[in-house]
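What follows is a single structure, written as C-alpha cells, with notes after it.
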Amino acid sequence: MIPALETRNLTKRFGSFVATSDVSLSVRPGARHALIGPNGAGKTTLINLLTGVFAANSGQILLGGEDITALPAHARVRRGLSRTFQINQLFADMTPLDSVMLAIGEREGHGRLGWRPLSADRVVADEAAALLERFRLADVMGSATTLLPYGKQRLLEIALAIATRPRVLLLDEPAAGVPEEERHEVLGIVRDLPADVTVVLIEHDMDLVFSFADRISVLVGGALFAEGTVAEISGDARVKAIYLGEDA
Amino acid sequence: MSGEPAAPSGQAAALLRRAERWQLWEIALWIIAVAMIFVMPSHMLILTEIAILALLAVSLDLILGYAGIVSLGHAAFFGLGAYSAGLFAKFAITEPVTGLLFAGAVSGVFGLATSFLVLRGSDLTRLMTTFGVAMLLAEVVNQTGWLTGGADGLSGVTVTPILGLFEFDLWGRTGYIYSLIVLMAVVFISRRIVNSPYGLSLKAIKRNPTRAAMLGISPNRRIVVIYTIAAVFAGMAGALLTQTTSFVSPDALAFHRSADVLLVLVIGGAGYLYGGILGAVIFTILRDWLSVITPQYWMFWIGLILIVIVMVGRERVTRWQALLPGSAANREAKARAAALAAARDAA
Amino acid sequence: MLTILFDGIAYGMLLFILACGLSITLGLMNFVNLAHGAFAMAGGYITVIMMNRYGISFYWCLPAAFLVTALAGAVLERTLYRHLYGSPHLDQVLFSIGLVFMSIAAIDYLMGGQQQLINLPPELRGRFEFLGVGIGRYRLFVIIICAILAVALQLALTRTRFGSQLRAAVDDGRVARGLGINVSLIFVATFAFGSGLGGLGGALGADLLGLDPNFPLKFLIYFMIVVTVGGTSSISGPFIAALLLGIADVAGKYYVPQLGAFIIYAVMILVLILRPHGLFSREGGR
C-alpha cells in the first residue's frame, strides 16, 4: 500500500542548528497519526517542511507516492495536503464567509481573473454555508474574523483547511490556547473529521493524543525517537523518561 | 430540522449580494460627476485633471489597496501611456480611443514585464525597484530627445475627434466627458474584478500571504495579473492627459507624480476603489487653493499634509469614509479598528 | 584614464559619506528615510551661508555642517521619527517624502532656486600632476577625509561599546533595555550621527555635486543605489558599492554621455532582482 504521506531522510538545518534530522516517516491512508515530542523537538518545523513553508536541505517528501519535495506550498495544497497553524493564520478583517468562500473557490479553480461576482457562485456559497454550519460558525459568518472569540477563530482555522478538501490534513495543536468552555467544540470537530482524510496531529494534550491517535511518532531533538501504536508508545519507558515524565 | 440547513445558505447568499450592491453614495457620486458638465461649465479643465488623477489613483489602489504592494514609481506607467499616446497620434493614428487602447496596451506589456520585479523581496526592494524603473524611463525619455522632445516635451500632438464624431472643444467639455467615461468604465471593471473570487484572493494575499498559499493560491501569479491590469489603467490615464492637453512633458514621469498619487490615495483611503476618486477631488482642490496662496511653494504644504496625515495616523484620517452608509469600507473600518485595538492589547 | 578613476573614487567616497547615514538608519533601525538627502542639503546650505554671508573659513564649515545637521536630526528624531519606528514602511515613506517636499520648498523660499557656489580655499583649488595622473587637490582632500571617516566608522561599529550596544538595541530592544542599555538614547544618537554625516557629505559635496533645492530628490536615487547594492548589513558593503557607483558614473558620463544615468539604474534593478539583499550581504541575513 502506498503511504498517504512519506518522508525519506528529511533534514533541515538553520545555520549549524539541525532542526530536522534524517526523519523518515510513513503515514498510511486514513491514519490518525500523532506527532509528539518535547518543546523544541522540531514538530512545527517538520510540518513547515511538509507543507513547503521551508525548503528541506536534503531528503524527500512524498504525497500519495508523488515526490513533492520541490513543489511550492500552493502546489502541495492543490495536490491534497492541507494544514492548520499553531498560531492562527486568518484574514483578520475578512469574514468567515469570505474566508471559506475563498478556500472553496480556490479549490474549484475559480480564483483566476474572472468577471463573475462572488455571489453568482451559488454552489460554492451553499457549500460554504454548510461548512460554516458544521463548524458552528453560521451565526457569525458575516462578522470580521478578529471580532470572533478565540475558540471560533480556531474552528475557522480548521474549517479553512478542510475547505480545501485535503487527502492529508496536518493539525498543529488545534486546541492550543482555546479556553476550557470552547474546547469541546474544537475537539469534537477534530474527532468528527471524515474517516478517509489522513490526519497528522501535533498535540501536547496526552489525553487527546491517546484517545484520538492510532499511531504515534515521537520526535526528540529533530530526529525520530520512537514510533508505534498508542499502547507501545504509552508503555515505552524511554519515551516516558524523555517526554511524558517531563510533562507530568 | 429539515428547514434549518437552508437558512445559513440563504444568509450567505444575502451577505454576498449585499457586499456587491451598488451603494447609494456611489450612484450619487457618479450623478454629481455627470452633473458637473452642466453645473460648472467653466471648470472643465480642472475637472478633467481630477478625473485623470482619479483614474491613476484607482489604478494604484488596485495594487496598493488590494494587493498590498507599495510602489514609488507608479508614474512610470502613467508617463509611458502619455508618451505612447503622444507618439501614436503623431506617427500613426490620431483618433483618441485607438490611442487610448494603444497606450493601455503598451503600458500593460511594460507592467507585465516589470511585475516580476515586485514579486521578490521586501517592501523596501519593491520601493526601490518601482522607483528605479520610473527613473529609468524618465532617463530614456530624457536621452531620446530626437523622438520624445527630451526635456522640452513632445509637442505637435494632434488629436482628431473621438471616434471621428466628437471634437475636442476649447472649453474642455468633450475632454471631461471623455475622461469621465473612461474613469467610469475603469471603475466599473475594477469593481467587477475586486468583487470576483479573484479579487477576494488578492485581499487574502495582502492580509496573510502564508495562509493564502496554504489555500492553494499562488500569490505570484495573482500579483502579476493585477499589476499588469493596474499598469494598463495607469497608461490610459497618461493617454488621457496627452489627448486632452495635446502635449506630453517629462513631468508625466516625474517622481513627484508617483508621490502625489500616493498622497491622493492616502487622503481618500486605499482598498475600496473610491478612495482614489475622493482623494483626487480633495487633492486637486487643495493644491489649487494652496498654489493661489503661495504660488511657488505649495509643495511645502503638500509635504506638511503628508507628515500630518502620517503622524495622526492614516487609519484615523480616512475614517470619514466609514461614515458612508452601508459601505464595505464602513464594515471593514470597524473590523480594522477592532483588529488594531486587539493588536494593541496583545502588544 | 587614471584621472577619471581618481575622480570616480573621489565621487564614490563622497557618495559613501552621504549615503552611509541612510545605510545606518535603514539597516540598523529598519527605517526607510527618503529624507536623508534633505539633511545632506542642509549641510550644504549651512556651508554656503557661513562662507558666503559671513566669510567663515571652509574648514570651520565642515564640523559646523556636521554638528548643526546632527542636532537637527536629533530634534526630528525625538519629535517625529521615533513615533514611526514600528510603522509600516509605507508610512515611513510618506512621512519622509513629506519632509523632502517641505525642505525643497523651504530652501527655495529662503535661498532661491539657483545653483549655489562656494569659493574653496586657494590651497584646495587646482590640480597637480603626479606620475602622469591629474589630481584635483580638492578631490584628494575629499578622499582623505572620507577614507578616515570610513575607517573610523567601521572601527566604531565593530570595536566600541557603543557599537555593540547599538547592535543589541536593534536586535532586540526589549532585551537590550533589560540589560540596562538606554535604547532610545542610542537610537537618537545614531540617527543624529547619521544625519550629521549626511550634512558633512553635503558640505563636502557642495562644490563637486552642485547644490540647489532639488538636491534631496536628485541624489536620492544615488543614495538608494548605494544602500541597496551594498546591502545594509555592514559598512563595507555600501563602501564598495559607493566606490563602484562613483567610478561607473564618472566613467560613464565621460565615455558614453548619451547613455546618461541609464546604466546605473539598470544595474541597480538587476542587482535587486538577483540579490534582493544587496550585492555584498550574506544571503538570509537580517
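All chains are identified by letter, namely A, B and C, in their written order; residue positions are counted from 1 within each chain.
Heads up, the rule we're going with is that a contact is a pair of C-beta atoms (placed from the backbone, for glycine too) under 8 Å apart; a residue touches a chain by one contact, two chains touch by 3 or more.
Just so it is clear, the model here is predicted, and its values are computed rather than measured.
J.: Which chain pair is joined by more contacting C-beta pairs, B-C or A-B?
T.: A-B
J.: Based on Cα centres, what is the most central chain?
T.: B
J.: Measure off the straight-line distance from the CA centroid of subunit A to the CA centroid of subunit C, and report it in whole Å.
T.: Comparing mean C-alpha positions, subunit C is 49 Å from subunit A.
J.: Distance-wise, how many Å sit between the C-alpha centres of subunit A and subunit B, to the nearest whole number?
T.: Taking the average C-alpha coordinate of subunit A and of subunit B, the gap between them is 40 Å.
J.: Between subunit B and subunit C, what distance separates the C-alpha centroids? Give it in angstrom.
T.: Each chain reduced to its C-alpha mean, subunit B and subunit C end up 33 Å apart.
J.: Which parts of subunit B, given as residue numbers and ranges, touch two or more other chains?
T.: Residues: none.
J.: In the complex, go through subunit C and note every residue touching subunit B.
T.: Subunit C residues touching subunit B: 26, 32, 80, 83-84, 87-91, 93-95, 97-106, 108-109, 217, 220-221, 224, 228, 258-262, 265-266, 268-269, 272-273, 276-277.
J.: Once bound in the complex, which stretches of subunit B touch subunit A?
T.: Touching subunit A from subunit B are residues 5, 7-9, 11-13, 15-17, 19-20, 192-193, 195-201, 203-204, 207-208, 210-211, 213-219, 222, 225, 229, 331-332, 334-336, 338-339, 342.
J.: Within the complex, which stretch of subunit B touches subunit C?
T.: Within the complex, subunit B touches subunit C at residues 64, 70, 72, 116-117, 120-125, 127-129, 131-133, 135-136, 139-140, 142-143, 255-256, 259, 262-263, 266, 296-307, 309-311, 314.
J.: If we count contacts the way the header does, which residues on subunit A are in touch with subunit B in the complex?
T.: 51-53, 72-75, 77-78, 82-83, 85, 89-95, 97-99, 101-103, 105-107, 110-119, 121-122, 124-126, 128-130, 132-133, 138, 141-147, 160-161, 163-164
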